[in-house]
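Multiple structures follow.
Two complexes come next, and they have one chain in common, chain A, joined by chain B in the first and chain C in the second.
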Partner chain A sequence: MTSWVLGEFVEEEPLLEAARTLRAKGVTGLDLHSPYPLHGAEEALGLRRSTVPLVALVAGVGGAVSGYLLQWWTVGIDWPLNVGNRPPHSPPAFIPVTFELGILFASLAIFLGLLFAYFEFPRVHHPVFEVEAFRSASIDGLWISAAVGRTEADGVAAELRRLGARSVSIVPGEGAP
Partner chain B sequence: MSTTVPKTIPGDPLESAPVLVGRPDDRALTESLLTPVLEPMRKGWAALLAVLLAGMGFWLLCLYEVLFKGIGTWGNNIPVAWAYDITNFVWWIGIGHAGTLISAILLLFQQRWRTSINRFAEAMTLFAVAMAGLYPIIHLGRPWLFWWLIPYPSTLQLWPNFKSALPWDVFAISTYATVSFLFWYLGLIPDLATLRDAARDRTRRIVYGIMSFGWRGSARHWQHWRIGYLLLAGLSTPLVVSVHTIVSFDFAISQLPGWHTTIFPPYFVAGAIFSGFAMVMTLMIPARKAFRFEHVVTARHLDNMAKVMLATGMMVAYGYAMEWFIAWYSGNPNEWFAFWNRATGPFRLIYAVQIFCNVVAPQLLWLPAARANIAVLFLLSILVNVGMWAERFVIVAVSLTRDFVPSSWADYAPTWVDWGLLFGSMATFGVLFMLFLRFIPAIPISEVKELRKELEHEDHHAAAKAAAAEGA
Partner chain C sequence: MKTGAMKLGPWEGGTRARNVAGAVGAAGLALTLLGGMLGDPRRALYAYLVAFVYWLGIAVGALILLGALHASSAKWPVVLRRFLEAVPASLPAFVVLFLPLLAGMRHVFSWADLGSLEGELRHLVEHKRPYLNVTFFAVRAAIYFAVWIGVSHLLRAWSLRQDEVGGFDLTRRQRRLGAGSLPLLALTMSFAAFDWMMSLDPRFFSTIFGVYWFAGSFLGAFCLTAVAAAATRDDPAQFGAHMNLEHFHSLGKFMLAFVAFWGYIAFSQFMLIWIANVPEEVPWYIVRTSGGWRWVGVFLAVFHFVVPFFLLLSRPRKRDPRRLARTAVWLLLVHWLDLYWLVMPVLSEGGPSPLPWDLTAFVGVGGIAAAFTLWRMHGIAPVPLRDPYLADSMRYLPP
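Let's turn to the complex of A and B:
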């Protein structure tokens, strides 16, 4: 069984410091919550580089290639269409659609990938939302959350208080952050 | 919350207006930016919406005419097979371009003044593209078969002709509409979560909770979000340039005098940005007043937008000049006649409007005092929109009235359905925009908070520097 320990901070620096300290003590399942992206959060949580650019590249190249193949096969091979005496396979005329499909596929991959794979959305019920005060996380509050075993929860909560959290709460829940 | 407004002389290059007035804290910013969504409905808003809805009703009536009686209800003829519909299409799609330019290109160039106007401009893009996309579809004659444009294996055994500019248009416009929406929505998710958390009633909490997918401001999400947002900006940048380029190919790859010009792609893109910035200005000036956004959309924003308008207006003017030059220099009598006909033929008045609104009037923007005068900016923005519509009409319809053979010449006059579809689309655009202003945060809250953070950081540095200098 997992417990979620939530702590609210007022300033950015103590929040990042708390994340570093807890991580050094071996607490896993840490996350920070803020109304805007925090500088230094990735380093404090030890996050690896985002793989989103790779996803976009693969999808973009895939989209462009399939766009070109689509045009080449349909009007060049399957039903050669002579308009204005252009050759059936006319690379210059195929540039616009190839380009547009490359952009389209890359953008869809970024958006859908972020939402459904990286963020695992939709997830409108999450243990952190059980704390009413957590509403401030999208307004002006800076929060830290730790998904820990039920037995460790009290220790982490005490540690957060020591590190300067304004308020600390423990919520029973499941899953990883 | 500090409310001191730094003293500025309008247009003084050494001391320009700030991008954010004061340094309101996060809660104050959230409250002021969410006021239009959370406050009770205003009478003025409802009244304006009612007027626009009436206009939208008329637009629907005109659409009914077109769908049930056909495009014979338009003034189009042969040779003027493209007239108001395609003019409106090119005009609307051009207006859309400013949104992507502001949100994507200015983001990549790290122009801070984009931050508070990008959401607004992107929404304008979406609605303008929605309006634009309808025209080519209803122009098909049998619009209910529009999906024949999509390449799918059908019993017809035919494919779209990918060597024609018109299927390119289908791909360009649909990609543009989709990517603009994704970019807009990705930026919106954190703000929808803010709205969910700031709302006090259950309905809004549920609706905005669903719309924000359960965003919890997680640092693990922000990391990917930032990269994804930046990448979408990077992808939108060549996209926006390609879209109006492809629209211009509809004309440029034909052989009609007045259309067959290699300058069309850059000149269309410049014109698109020109008209788009004018439209952002037309919408933003009343909105910032009505919703008290003056602290985030400052004189600096208006000044910069005016400068972009001036620059793109000059590019458009260069395009006009170069068209005339090539018409003369090519020695092609048909080409020369097409331009002579624009300036002196039956549509000379529209050509005069085009030149006055797009070339002469914007020269006022060289004056810093004009860029600081809201009334002048508002008037100019409307003139530019009118002028750009005139330009599209002159290119599309006037060129068609006089082609190679005098026996096939014809004149053109619009019908009430043509006018109704033009003004009705403006009303429908207005309806969508009014709903946007009321139900969605029009200023990106999380981005403004980040901007404030950066500015505070700089204030701090500047103060430390000043203190050090004093000590020395």
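Let's turn to the complex of A and C:
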């Protein structure tokens, strides 16, 4: 099972350095938490680009296509309607709904995707919040967290102490080791 | 490129480019004049009108962008602001370039020559006489130019004075005028579109028409900035060298936004008129969606909206100045076609009939405007040296 190792730092540079060092040692599941945007955090964590834009693009195009097909089938083929003597299949009249469904699908995909896939709902808060002191991450504390196997947790914790963390905590994961 | 802003002095280059642009412009205008004298003067004037509203629109679009950036107290574009001050500095040249249109009004605007109209159309134009008459048309044009030149002159003059005296006071003044002038600029640009393009067909009216011209021109202002920045990236004496990839990325985001805005405006105007099917309005679109013009319209929908939209979604493209500039050049070209499609069907229903004068007028007006702009850029620092936010802008890193 996964455990979370948390380390609190006072200065930015040791924090970023700790992220770089742990990443170089092959520790995965690293994250940084700070009360303000940390320039250089993406580079230190080696983050790839988020997959959210891709989800939005695919869902948006899918929504637009299905919106158009829906109108084409219902109004144009299955139950032709004469509106102002225009052809049943009138593309300009279909564009607004096509556009709206593209937006709707994209935003729903982002919302539900974030909720269930990225934030793992019904989990209501991330395990790092089990540590009482972690609330300083939204006041003045700079934190690093690593999601590691339970057996590696002690090693990573020792490494964080060596890298200059002011305090180190371990949140054990649930279930069998 | 780490030369530091303080070493930057006045820009002494550009004389060669100015001379070339001036010569090309003069030759283009001379050829267009020749075309008007040898062939149909009306056709040559229409080619000239398309070129005129194209280049003027970009200059006014850049002025509105400058005002909007001041209004939002934006820090990031300070490094590229001098260019946005330089482009509207071409506006006095357009006063002179407007004179041929004023002189040839009777050839261009059917309402200016009441005797040539008959029947219901004549009755309609007589009804619109209090607005559509030669005197008021000229007075309005004078008001538009006075507003544009006044605002652009003050914003630029204050920015240039700040290069010498520094301080925050001049920044505050530019912000106030930039914000305060936006309603005036919006109204004058909108009414200029009514006067110079919409009134070509005196029956047609669309309240969104000015916004349509603005949408394409504003996009053009971003595109021109991106092209100029990419072209001057290797010359530390010019503004492009002091921009980082984040600036290009932001320009690209604005281009994406205003490609979408243009598509939205163009479709809104079309859809509302198409669906209402009112006899006064819909013929304007019937002409533009039948015969050869139909394919121009379809081409615009695909290559002025769909393709650039998906190209500009790409993050690597926005962060690569060369590729971004290529997309910008493409958008600048299709913007010309867009205006051609707005103006020219009045003259040649049934389809486009391109003539050399379309090209000569385009490079003629563009060459003169570019030469005038380069002349006004000469001897002036390429970035606002003592703007309090220049350093912030140069290390721009969006959160």
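Just so it is clear, the second predicted complex is superposed on the first by the 152 of 177 C-alpha atoms of A that agree within 3 Å, B and C clash if a C-alpha of one lies under 4 Å from a C-alpha of the other, contacts with A are read in each partner's own complex, and residues count from 1 in each chain.
Going forward, a contact is a pair of C-beta atoms (placed from the backbone, for glycine too) under 8 Å apart; a residue touches a chain by one contact, two chains touch by 3 or more.
Predicted, not measured: the structure shown is a model, and the values here were computed from it.
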Practice task
Mind working out whether A:K25 is in touch with chain B, chain C, both or neither, as first, second, both or neither?
Solution key: neither
Exercise for the section: Considering only touches as defined above, state whether A:R162 meets chain B (first), chain C (second), both or neither. Expected result: neither
Practice task
May I ask you to decide whether A:A93 touches chain B, chain C, both, or neither, giving the answer as first, second, both or neither?
Solution key: both
Practice task
Between chain B and chain C, point out the one touching more chain A residues.
Solution key: B
Practice task
Identify the partner contact of A:R150: answer first if only chain B is touched, second if only chain C is, both if each is, neither if none is.
Solution key: neither
Exercise for the section: Could you tell me if A:F111 is touching chain B, chain C, both of them or neither one (first, second, both, neither)? Expected result: first
Exercise for the section: Would you sort A:H126 into first (chain B), second (chain C), both or neither based on which partner it touches? Expected result: first
Problem - Touching both chain C and chain B, counted on chain A across the two superposed complexes - result: 37, 84, 93, 96
Handout entry: Touch list for chain C against partner chain A, complex
Key = 267, 270-271, 274-275, 277, 313, 315, 397, 399
Problem - Sites on chain B touched by chain A in the complex - result: 25-27, 30, 151, 157-164, 167-168, 171-172, 174-175, 178-179, 182-183, 185-186, 190, 193-194, 196-198, 209-210, 213-228, 231-232, 235-236, 238-239, 242, 246, 249, 445-447, 449-450, 453
Practice task
Can you check the complex and tell me which residues of chain A touch chain C?
Solution key: 37, 39, 49, 57, 84, 92-93, 95-96
Problem - chain A residues within the chain B interface of the complex - result: 31-38, 41-42, 45, 47, 50, 52-53, 56, 60, 70-71, 74-75, 78-79, 81, 83-84, 86, 90, 93-94, 96-97, 99-101, 103-104, 106-108, 110-111, 113-115, 118-119, 121-126, 128-129, 134-140, 143, 177
